[in-house]
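Some structures are shown below for you to check.
Same chain, two partners: subunit A is paired with subunit B first, then with subunit C.
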Partner chain A sequence: MTVAIGFEGSANKLGVGIVRYTSPDTWDILANVRHTYITPPGEGFLPRDTAAHHRSWAVKLTKQALKEAGLSVADVDVVCYTKGPGMGAPLVSTAVVARTLALLWNKPIIAVNHCVAHIEMGRMITGARNPVVLYVSGGNTQVIAYSHKRYRIFGETIDIAIGNCLDRFARVINLPNDPAPGYNIEQYAKRGTTLLDLPYTVKGMDVSFSGLLTQIELLAGSLADEADGEAASSSSGPPVAAPFAGAQPSKTPTPSTTPATKTTATATATPNPNPVTKPNLCFSLQETAFAMLVETTERAMAHVGATEVLVVGGVGCNQRLQDMMGDMARQRGGTVYAADERFCIDNGLMIAVAGVLMYASGHETALEDTWCTQRYRTDEVLVTWRDD
Partner chain B sequence: MPDELPPYQLSLSIPYPTPRHAEIVRRVLSVDKEHSQDMIKRRLRSEGNVLVAEFDAWDVKKLRTTVGFFTELAALATETIVEFDGEGERGADGTGDVAMKE
Partner chain C sequence: MSLASHPHSAIISQGAEACVFRIEWPIPLPTLARPPTTAIAKHRPPKPYRHPLLDAKITPRRVLSEARCLARLTRAGVDVPRVFLVDPEGGVLYMEDVPGLTVKEVLWAWAKEEEERGGGAGAERSAQPQDADSAYVSDRAKALAESVGLALANMHAAEVVHGDLTTSNMIVRGGWPGVDAVSGTGAGSGLGSKGGVAQPSVATLSTVTTPRISLIDFGLAHVSPMIDDRAVDLYVLKRAMLSTHPEAGGVFAHILDTYACAAAQGSQVVRQLAEVERRGRKRSMVG
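Now for the complex of A and B:
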């Protein structure tokens, strides 16, 4: 039995998790606490401020996690932390707490790859054995399959991550970052009725979202501002379908020289004089971007002959993405596995889980090697804990 | 460039209750290397119970940001030590258990 504590702080979530590991099939989750640095609508999170957030919460969260687990540091066998990839200053701030605890209590320390941690957390929670993994978050978009002791990247974004695309669009239309920009886009998308034409960019196994973002930002420029913006964001009740349809005064799409005019014309079938509404934009963004992800994931499944697909990362808790992936998997006679936000979104437990697997298979990181790195590819890690 | 004497120098002395604590913080903070080492150099050592950090800088703005981040991290390591060193003993009389706020 090994008790591991994990520290995650590579982006705007600070998480501390504790797991008791007995065997690859026997785990106890003892604690998994998290605090998110939430910026005002329209603003992203900057490294400096995010690091300050982590420093001010690290000790509090660690105490809370130990309290929930009913343990003291003395009961912990191994300390795990995120080495990367992620934002430098937040990573280092979190690592400092992990190092200090390890030295104070003379515990071994394990440097964990954030992406590998997402995969191992997903496998542990869902029971998926050897899935094709779609890892989708604010900083990463990768289609991954395991082969010969590596998590190999079959396809990935060639520019921005899907979550970054969603976050930035949420900023453009001023959606709150609380609880998460992607969550708020998902709620708006439920009320969308018209699919607006957006660039669909799949290049071989890779995807691209920057053109999609540019185009939808242009479209958002012709949003009917007052009614769409304020009425929608202040109605916190259950989503209702119709309030925008037909209620718009007919507006001329603003940038008449841009492709925006052309694309809005594709929605002529609807009675709505201006189909460019926040719900339709969110809906179209999700449908287009997620279809790209499902396509590349399906190709990876066909290539490796897999029937399981596991969706991890913050965007992985999007219900629409899970449903689209489920439709695809079912048509192939396969299964989609996904976790809820406690385990999908960055958390400390996933670092503890991956770390304890590494520790159990002989890893240990020397203190002088516990530095952090902003770039750390998923396939750099030798997966010593899997024998298949 | 570091041919001549650095135009800016700063020395910090941070005393800890014991040499062990000073040495732990030194080891924790020694791991991360400074970026742009042609602009700033950092030396860390512990002298008894005192952690000594010396900075040589060729750019005053770089010195300010580096020292700022360094002191924040030193404060965090110190806070961690204060909260968790000898946690078991303190837990017995309840003083190690501070209620969560927020």
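Now for the complex of A and C:
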């Protein structure tokens, strides 16, 4: 039995998790606490501010995790932290916390690859044995399959990550970052009805999202003057709908609001609503981008002859993505495994899970090697804890 | 009626994107030397997870792109299946049923033959499967490798990049003397058992002459004059051969030698291949 504490801070979440490991099939989740650095709508998170957030929350979250687990420091066997990939400054802050505690408590320390941690956590939670993994988050988009002691990357984004694409689009249309930009896009998309034409870019096993983002940003430009794009959509929207409903579709550029133009605008808006609304944009973005991801995942499954597929990473808790993956898997006679936001979104538990597996197979990171790196590919890690 | 349930069609393979059928072909095509009796139908079915409008946009685009690549290569004198009929909206491409065996089948048959013959030499060789450069290569394997290298050089000269080069995507036209079709796999599998379409007769070569290689499956192909794209093509083939034919390590080296001599900018492409191998095809990962 080994108790591991994990520290994750590669992006805007600081997470501390504690796990008790008995065997690959016997785990106890003792704690998994997290605090997210949330910026105002329209703004992303900057490395320096994010690192400051992590520093100010580290002690609080560690105490809370130990309390939840009902453990004292003496019960912890090993300290694990994210080595990379991620944003430099937040990674460094978190590594300093882990290193300090390991020295203070006199515990061994393990440096963990963030992507491998997502995969191992997904396998532990869902019980998937040897799945093709779709890893989708703010910084990463990869289709991964295990072979000969490595998690091999079969396909990936050749430019920006899917989560980055969603986050940036949420900023453009001013959606809140609370609880997460992707979550808010998902809610808007549920009310979308019309598919707008967006670039669909699959290159063999790889995908590309930058052209898609450019195009949808251009489309969103014609939203600018509209009342939150809600004019055309019906009832259940956020409370913005009514008063501005007559505002002008941007195609007739008139800067001043005279009574005359107001009448024209209301007249055109009612019979022929502009399909470019926030719900339709979010809907089209999800339908197009997720179809690209499911297609490449299916190709990897066919290639390696897998029947299981596991979706991990922050974007992985999107219900529409999980449903589309389910449609694909069902047609192939396969199964989809996915987890909810507690385990999909970056968290400390996943670092503890991967770290304890490494520890159990004989790893230990020497203190002078406890650095971190922004670039750390999934396939660089030798998977010593799997025998298949 | 769908291709899958049609009495005069038999499924050959089912990939992630397309189902490939062998069907009876009733229409004479005067431009072909021998009138075809069968054809290959490659169908890209709609995807249940994809919005129908997206499907309607993507599928015709891909069918047409594959047909255009094939037509471009045929015009350039490269041996690929002739396009018979294109149905973009239906998502089906009908093309020549190239008679023969895949390079994979030929190499596997040879490996089996040498294994049966036994002997210390064979065992020794297979003990070091990764040693690509020093491996022993028989004369017939050299002849095969040269043909493959030439075919790839010609394809790249037409500025087409294949995108998915494997030994199953190369057919030795007419097969190889002494090598039989392995039932159930690749292009050589017959339909007899299903009572459907008979395969075209295979003219057997009498001696080890230069085999003719026909390249197939241009589903991931695109037109590109870039050296780097060509190098990636070769890299994909090398990786595929290492995993499919670990015992035939020297064959790829011979393919590469022929390619370097025959292809336009061949030596540049081979130099670039070293660069591609170094970076592992992929970008370094950030965040």
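To be clear about the criterion, the second predicted complex is superposed on the first by the 341 of 388 C-alpha atoms of A that agree within 3 Å, B and C clash if a C-alpha of one lies under 4 Å from a C-alpha of the other, contacts with A are read in each partner's own complex, and residues count from 1 in each chain.
Going forward, contacts are C-beta pairs under 8 Å (C-beta built on N, C-alpha and C of every residue); 3 or more make two chains touch, one makes a residue touch a chain.
On a predicted model such as this, the values are computed, not experimentally measured, just so you know.
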Touched partner set for A:71, first subunit B, second subunit C, both or neither: neither
Subunit B versus subunit C as contact partner of A:360, first or second or both or neither: neither
Residues of subunit A touched, compared between subunit B and subunit C (which is higher): C
Touching partner for A:304 - first (subunit B), second (subunit C), both, neither: neither
Partner chain(s) touched by A:294 [first = subunit B, second = subunit C, both, neither]: second
Which of subunit B and subunit C A:38 touches, first, second, both or neither: neither
First, second, both or neither for A:60, with subunit B first and subunit C second: first
Complex interface listing, subunit A residues touching subunit C: 10-11, 85-87, 138-140, 153, 156, 158, 161, 195, 197, 200, 204, 287-288, 290-291, 294-295, 298-299, 301-303, 323-325, 327-328, 330-331, 374-378
Residues of subunit C that touch subunit A when the two form their complex: 15-17, 47-51, 53-54, 57-58, 163-164, 220, 282-287
Interface residues, subunit B side, partner subunit A - complex: 24-25, 27-33, 69, 72-73, 75-77, 79-81, 83-85, 87-88, 91, 97-98, 100-102
Complex contacts: residues of subunit A adjacent to subunit B: 51-52, 55, 58-60, 62-64, 67, 72-74, 89, 92-93, 95-97, 99-101, 103-105, 367-372
